[in-house]
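Working notes, beginning with the structure itself.
Chain naming follows the written order as A, B, C, D, E and F, and within any one chain the residues start at number 1.
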Amino acid sequence: MLTGSLKDHWPARRLPDIAQLDAGATGWGFFLCTRKELRSGRQGTPHIHVVLQDKSGTIAGRLLEDVDRFKDEFEAGEFVRAQGRADRHNQRVELVLESIRRVNPDQDRAAGFREADYVRASLRPVDEMWQELRGLIDGISDDHVRRVLDAIVTKYEERLRVWPAAVTVHHDYRSGLLEHLLQVADVSLRLADAYGADKSYVAAGAILHDIGKVEELDYDLATSYSLEGNLLGHITIGVRMVHEAAAGLGDVPRGVTARLAHLILSHHGSRDLGSPVEPMTVEAFILSAADDLDATIHQVRRHLAESSGDAPFTPYHARLGRVLLKPSGR
Amino acid sequence: MLTGSLKDHWPARRLPDIAQLDAGATGWGFFLCTRKELRSGRQGTPHIHVVLQDKSGTIAGRLLEDVDRFKDEFEAGEFVRAQGRADRHNQRVELVLESIRRVNPDQDRAAGFREADYVRASLRPVDEMWQELRGLIDGISDDHVRRVLDAIVTKYEERLRVWPAAVTVHHDYRSGLLEHLLQVADVSLRLADAYGADKSYVAAGAILHDIGKVEELDYDLATSYSLEGNLLGHITIGVRMVHEAAAGLGDVPRGVTARLAHLILSHHGSRDLGSPVEPMTVEAFILSAADDLDATIHQVRRHLAESSGDAPFTPYHARLGRVLLKPSGR
Amino acid sequence: MLTGSLKDHWPARRLPDIAQLDAGATGWGFFLCTRKELRSGRQGTPHIHVVLQDKSGTIAGRLLEDVDRFKDEFEAGEFVRAQGRADRHNQRVELVLESIRRVNPDQDRAAGFREADYVRASLRPVDEMWQELRGLIDGISDDHVRRVLDAIVTKYEERLRVWPAAVTVHHDYRSGLLEHLLQVADVSLRLADAYGADKSYVAAGAILHDIGKVEELDYDLATSYSLEGNLLGHITIGVRMVHEAAAGLGDVPRGVTARLAHLILSHHGSRDLGSPVEPMTVEAFILSAADDLDATIHQVRRHLAESSGDAPFTPYHARLGRVLLKPSGR
Amino acid sequence: MLTGSLKDHWPARRLPDIAQLDAGATGWGFFLCTRKELRSGRQGTPHIHVVLQDKSGTIAGRLLEDVDRFKDEFEAGEFVRAQGRADRHNQRVELVLESIRRVNPDQDRAAGFREADYVRASLRPVDEMWQELRGLIDGISDDHVRRVLDAIVTKYEERLRVWPAAVTVHHDYRSGLLEHLLQVADVSLRLADAYGADKSYVAAGAILHDIGKVEELDYDLATSYSLEGNLLGHITIGVRMVHEAAAGLGDVPRGVTARLAHLILSHHGSRDLGSPVEPMTVEAFILSAADDLDATIHQVRRHLAESSGDAPFTPYHARLGRVLLKPSGR
Amino acid sequence: MLTGSLKDHWPARRLPDIAQLDAGATGWGFFLCTRKELRSGRQGTPHIHVVLQDKSGTIAGRLLEDVDRFKDEFEAGEFVRAQGRADRHNQRVELVLESIRRVNPDQDRAAGFREADYVRASLRPVDEMWQELRGLIDGISDDHVRRVLDAIVTKYEERLRVWPAAVTVHHDYRSGLLEHLLQVADVSLRLADAYGADKSYVAAGAILHDIGKVEELDYDLATSYSLEGNLLGHITIGVRMVHEAAAGLGDVPRGVTARLAHLILSHHGSRDLGSPVEPMTVEAFILSAADDLDATIHQVRRHLAESSGDAPFTPYHARLGRVLLKPSGR
Amino acid sequence: MLTGSLKDHWPARRLPDIAQLDAGATGWGFFLCTRKELRSGRQGTPHIHVVLQDKSGTIAGRLLEDVDRFKDEFEAGEFVRAQGRADRHNQRVELVLESIRRVNPDQDRAAGFREADYVRASLRPVDEMWQELRGLIDGISDDHVRRVLDAIVTKYEERLRVWPAAVTVHHDYRSGLLEHLLQVADVSLRLADAYGADKSYVAAGAILHDIGKVEELDYDLATSYSLEGNLLGHITIGVRMVHEAAAGLGDVPRGVTARLAHLILSHHGSRDLGSPVEPMTVEAFILSAADDLDATIHQVRRHLAESSGDAPFTPYHARLGRVLLKPSGR
């Protein structure tokens, strides 16, 4: 139980970013609260369990005292001001909270509150990425392909600018989808160059392959699967968008529509990975390889970044099924 | 080489149906020619290889003499009058042809030529099946579901009446698709009854699950895959039809559309069998089980029917990976 | 630690059924105790951990005080009277016990104790199910098949009436085996009807397919695997029963015995699911499909029933490997 | 076509054993005819196709002339006297037959006909193997195990002495089953010695593991699957024999019967290889490893023996999925 | 049988390249003979079967007459002058040969014989490729890595210049290995650029990944597996070369050697594809993806090139398990 | 929290070996400390978590009081003297520590401290095993094979004597590698005897198959993977040792080196188990079977030994995927 003397040690210092938080640090900070639960311990004592987030990462927190006083002061999905001490628990750093309340924007902005600081987001500026996307589309030489793409991207611009690419695993943060689409486009076009593939279709496939995610996922600071997301999946949703765009334009040849749909459908590479048809064109093989590689490298890089210490290898990565050699570990 | 004396033994007798043709039979018949190739043997002698069909089955044929005289007398895809002798070759009965020419309908009808006799087709009358399909749809209690179904079935009626369900494997003949949809509907509704499932969706799923085959396959007496068929597959095409029908009706709730699309998408049961999403409702589990069972039983029944002789077991069935016990083989 | 003041809040009220028990409820109830362990916590304090059961479900419980006084007052496998408070712990409701003792039937019956209320059991009355089973057997037209079935079912009647179908997974409660056999028979016969299969064998296969479970499992309110259960499995045990019954009758043709044994052996559908031979008859294919569907639907229904809350989808089901759409979730 | 001059070159010389037969050899020999088919070639010429066998191997043969004269002179399953020339066809040596007729034992014995010479059989004398088997059984120290084994082996002695172990793959010749059981027993007992396992059960498992093959297979010079063989498989048949033997003896403890049955059931090592339960005892692990190794080594040795030529590696072995290094190929 | 009149129709015209050869063409040409077999047909008539090759492809040939006259006039592995007629047999074009003899270089050069014309080889000039390889190595910034590479490439230069990359499947022609290494290097470096990976290791991995093939394969116009090739495989051989080179240089840090060996070992991507360890560095993931993509695209391109006709899709490609859409087939 | 009165109950008694330690025992002992962590509980109270080891097993321990006093008195990897009480926690026995400090050899030897007592090691004396290994090598009749072996074993003697065979799973203790090599040699030679295989290569393969583990693993009382261990694996390292030894000897034929390397490379039996090539000789098949069986039996025996209680079956073994029958459980 927290003793009174402990509280006296908590100054009104500002806590560092979550990624920099070490056991022993005390102070206060602004966060996005993404989970809030009222729990009772083995001896029946209730406490509040929260998950807090800033753009550098997430941290669990527990409020053990004065539960009744704070429990209505905030909800999950709100920005909060929380005060407490960082503590190591089960080998992870957690926050033992002294107080927590929702942010009062007017008042707290003076203390440095800026919403964007507490939302995990792509490191690249959205407008820059959007320019790059528009440039890619404008550069597509096949008229039909470019017009279909333009129609879809314009229709879903609002979501495309902010959507994450996944609930977890890779690019699972604000604008992560856009970042991933551009990265896959970059890699795919390099490969198209190497193999003399049709760049119109390669660029289109890269931009469209995961576009169904803007309806597969619901995103409002937190990310979850939508009804269509679960029942249909982003591949089928993306194909529907192509069909709708082509129908709207009226004069797109069936073969163009079919090839665009094929790129989306086959981009997981094989049926057991969820592609109902498998790549049948050089462009589809290239897109599938680029998407697979990009998702893998993203996981590898994140795991390397999260593996501190000076051992030459990272801890075991369960999804990849192996340890990784750190770049410094030669 | 065929000797002159052999020809003298060929009377102008009418050959029996292909299924009844034994080695040694001689005579003439009407057939649909589904393949025609000019081949040359090891010693350079050219001959014409054909595949002939009537509604009881298919048979290979070879014309070894007078190739030049007959080679322009017919093409693949035409009905023909062929004369020759049934012979056993590599354990299969084949026709050694003496003559072959395209049918002259006006003249040959007098000799009993009726197109329908040479096209493999469902044993059930099409109109009867169509009535049953309409009855099924009319009996659907959920208004939205029934209207979506009605729109699709009405739009594709022409093809639905005659399309096969596959290039090979099962229900691969005229109106085989309609026969299969009704059989799956029958079985699914029995299962829905047993488990108290939602019959509107079960019936709709059964009717829609393979409906994309009317565009996946090209059928004009012969069956092959279309461009969309190869690049998209019937599952994605079927979902597109649902989306188009719902858009056309204007007032179908998203949840209804999504559930119908889910039934189509998940009906292969698992991703490695080509379903990009897997069953998530009791109705989808029932549909997937009914479709799988119907395709299997169809193959089992056909293999049993094609296995003559009095051995208790059939020959090995490569796709099923086993021999089968004949019903009489107890 | 429970404080004295807390006890004062516990009235002698009767607790609701386990399925209705919410955190905060206090009072007493009768239960079947299916597990009892003496544990010591991190700080060395011993407590008693129990699992209690009534026919609506199971709940964990902990007795933290007066351990010495209560620890010999009951054993696992006995009916108990327990008093305490429902508490939420790790997101599950548990009972924090104040007192627990074995039931004294004479005295407690007056307070409403009825053994049958604390044993999880099929919702269908056993006698009604038994009648249905006898009716099924009497309706089998093949004399040999009916007599073999009659011999087996008569011999194992005592166990067949009460045995569960599994330790966990599906139909894992009193008379669950009988319920499952009848359900599979119902579904199988509907399918036999649809496909014109031999109903004698289909009914017999449905009744016999899991009958080896009466020796595979030991059941005495709790369920576990027997020696033969582990070393042989219910498929082999079931085949042994058919061979013994046929030997006892003396005049059953070998082909009948072999076909019955084949239905049992092949009902898991494939070798990697534990069937040493795979279905070779229409009847065996039907039985295998019906059994697979019934086990799946049972799990789906249970998971739907156990998933509270108003989200459209259930939590992830690990064995099925997916979330499920709630019927209301359209 | 065979020219008259060729026949003049065929002396009445005795052909060597099939394994020694090279293209160009001419003469006559005695054989077992295991297949006979009347075929007609592309040009309609009928010929007789046969498979002939002596204990050194099998060879295909064709009789191209005088078909009518010889076609009723013999049947498949009979011993024959055949005359002709060895010829290379499609990279295999075949016999081009001049004449063929069934053996007249009285008359042909004088010319050296001995039935045993034309039946592929174990190289070990049956009586010697039988002595070894009896010795193994007599050496079993556990009374119950020995008596069960003695009962089964005595009951099936007639078949056990001559049965093959398989239709193809390994030990697929007269007394091949007995040879395989003894070899597996030898290997298993060496392993039991190395690991201090229970030799009573290891020896019993080795002798019983494939014993169901005496009913799984029909063997009368030719080998095929029986009704029970297909529908139940040798594993289930073998377990039935153990249960019958134990029932006949009356006093065998259930645990002994279950362990013996377990050894049979689990000897394929895993479910996807057809074992409904997997090894759960040191003895069962040893038996499964010994059986697997023996079957593999048998195939390796046979493939090495059949691979002539001086290349260091054998041709590709489809079942093993690789080439093998010849012992001389270092 | 070839008639005399046919021969009269064969002028001494020069045949076109194999890839351009249509049924009906007659004349003579120079070829590399890669296979020669003396076969006898069903009727005992011997003929000579050959496989002939020029740099545009391969073709089968049969010499049916005057076998004795020509059979010692050439051997497999020699360049030959062959005369005959192109004929369609089993849907493939073959050569029915009138005469065949080994090339007499002195005499035949006058008629246009140039060895290089009959050896399938990379379309890129070897010296140009070698320059590119040397340039790649010189551009490697890490001294240790560059020196190891230089040592290996220098040592095996002679073979590296001419070796094929495989017996079949992809890059299976003269200098195909060098072409493949450079192509993988090109692709890998583009990916390294996209992901900021270490280009020294990526280039080294690309050059070394298949270098073991210079000892895995024996190549002397024909390609086959060597003793080490079968027993060790090119991955292990390549690692040995790295270890030997590092030992020879004396001062290469263990970590550098280990990382280079890791790139070779892991380049098949997973254990079931033959990599004993799986990629653990960004560089190894990139190399594995580039190699896989290059081998796939090579097969796709070749299959597209070999699929004539104007159908939108190619025939089924067994190794890829699908049909492919022709670039023109939109 | 530990009360003062509890401490009074702890006499200065010597604790029994870890394997004999039951809940309730109190006293002190010497151990090897293999892990040490400072943790804080839910309420922020810090404690020290340790893992202690003697040659009979390992045990977890917690020091809850006087953390500051003891936390610098010892480190992981040191021998310690610890005092406390055995307690059951989460169904495992743990030590609740009262005090812990590093061993002072001079002083503690008087109290019976012997380093060897606290290191898990093979039960067989190292010198005896080494004699056996030398005997095996001396008995190899093939000169080249024996000399290669002698060179390797001599070079790595120091490590070979003490290395474990694995981090976990099997033979994961001091000299476990040597014990495993000898056991596999014993089993392999028995099998070689049964099948008349080449004993020189079988013995050599058994000794060499895992020899790469002396560099794959780092071992210094604790075991972990080295840089080469992770990046290359013991199979590739072992092959490198063979190549180096052969190069050092100078006159070893390539075929001998290749066959030895092949035995190492293929000993996992299949590619998905990490063997880049699969067995191609009788000797390689035998070695692979022996190694697989030895590793399995080792796990089976250990699981049986660790399963106390009188139930006939062990708890579920996750890696083997089953329960095991205890030898007494008949």
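What we mean here is this: contacts are C-beta pairs under 8 Å (C-beta built on N, C-alpha and C of every residue); 3 or more make two chains touch, one makes a residue touch a chain.
Keep in mind it's a predicted model, so treat the numbers as computed, not measured.
Participant: Supply the minimal count of touching-chain steps required to go from chain A to chain F.
Facilitator: The least step count works out to 1.
Participant: Using the contact definition stated above, find the chains touching both chain C and chain D.
Facilitator: Expected: B, F.
Participant: If you line up contacts by residue number, which pair in D-E, D-F or C-D shares over half of them with A-F? Let me know.
Facilitator: That would be D-E, since it shares over half of the contact pairs of A-F.
Participant: Shared interface numbers for chain D and chain E above half of all numbers used, same, or below, different?
Facilitator: Under half shared, hence different.
Participant: Rounding to the nearest 5 degrees, give the angle of the rotation that lays the CA atoms of chain B over those of chain C.
Facilitator: Rotation angle, to the nearest 5: 180 degrees.
Participant: Using only Cα atoms to place each chain's centre, name the chain farthest from chain C.
Facilitator: Here the answer is chain E, farthest from chain C.
Participant: More contacting C-beta pairs: C-F or E-F?
Facilitator: Between C-F and E-F, contacts are more numerous in E-F.
Participant: In whole angstrom, how far does the Cα centroid of chain A sit from the Cα centroid of chain D?
Facilitator: 63
Participant: Roughly how far is chain A from chain B, going centre to centre by Cα mean, in whole Å?
Facilitator: Using C-alpha averages as centres, the distance is 48 Å.
Participant: List the centre-to-centre spacing of chain A and chain E in whole Å, with centres computed as mean CA coordinates.
Facilitator: Averaging C-alpha atoms per chain gives centres 45 Å apart.
Participant: Could you list which residues of chain B touch at least two other chains?
Facilitator: Residues 41, 227, 230-231, 255, 259, 262, 280, 313, 323, 325, 329 of chain B each touch two or more of the other chains.
Participant: By the touch definition up top, name every chain pair that qualifies.
Facilitator: Chain-chain contacts present: A-B, A-C, A-E, A-F, B-C, B-D, B-E, C-D, C-F, D-E, D-F, E-F.
Participant: Please name which positions on chain D make contact with chain E in the complex.
Facilitator: Answer in residue numbers: 1-2, 6, 41, 62, 64, 87-91, 96, 312-313, 323, 325, 329.
Participant: Which bits of chain C are touching chain F when the two form their complex?
Facilitator: For this pair, the touching residues of chain C are 37, 39-44, 225, 227, 230-231.
Participant: Taking the touch rule as given, give the residues of chain B at its contact with chain A in the complex, in rising order.
Facilitator: By the definition above, chain B touches chain A via 227-228, 230-233, 235-236, 239-240, 243-244, 247, 254-255, 258-259, 261-262, 265, 271-277, 280.
Participant: Provide the residue numbers of chain E that touch chain A in the complex, in ascending order.
Facilitator: 183, 186-187, 190-191, 193-195, 198, 253, 255-256, 259, 262, 278, 280-282, 285-286, 289, 292-293, 296-297, 300-301, 313, 321-325, 327, 329-330
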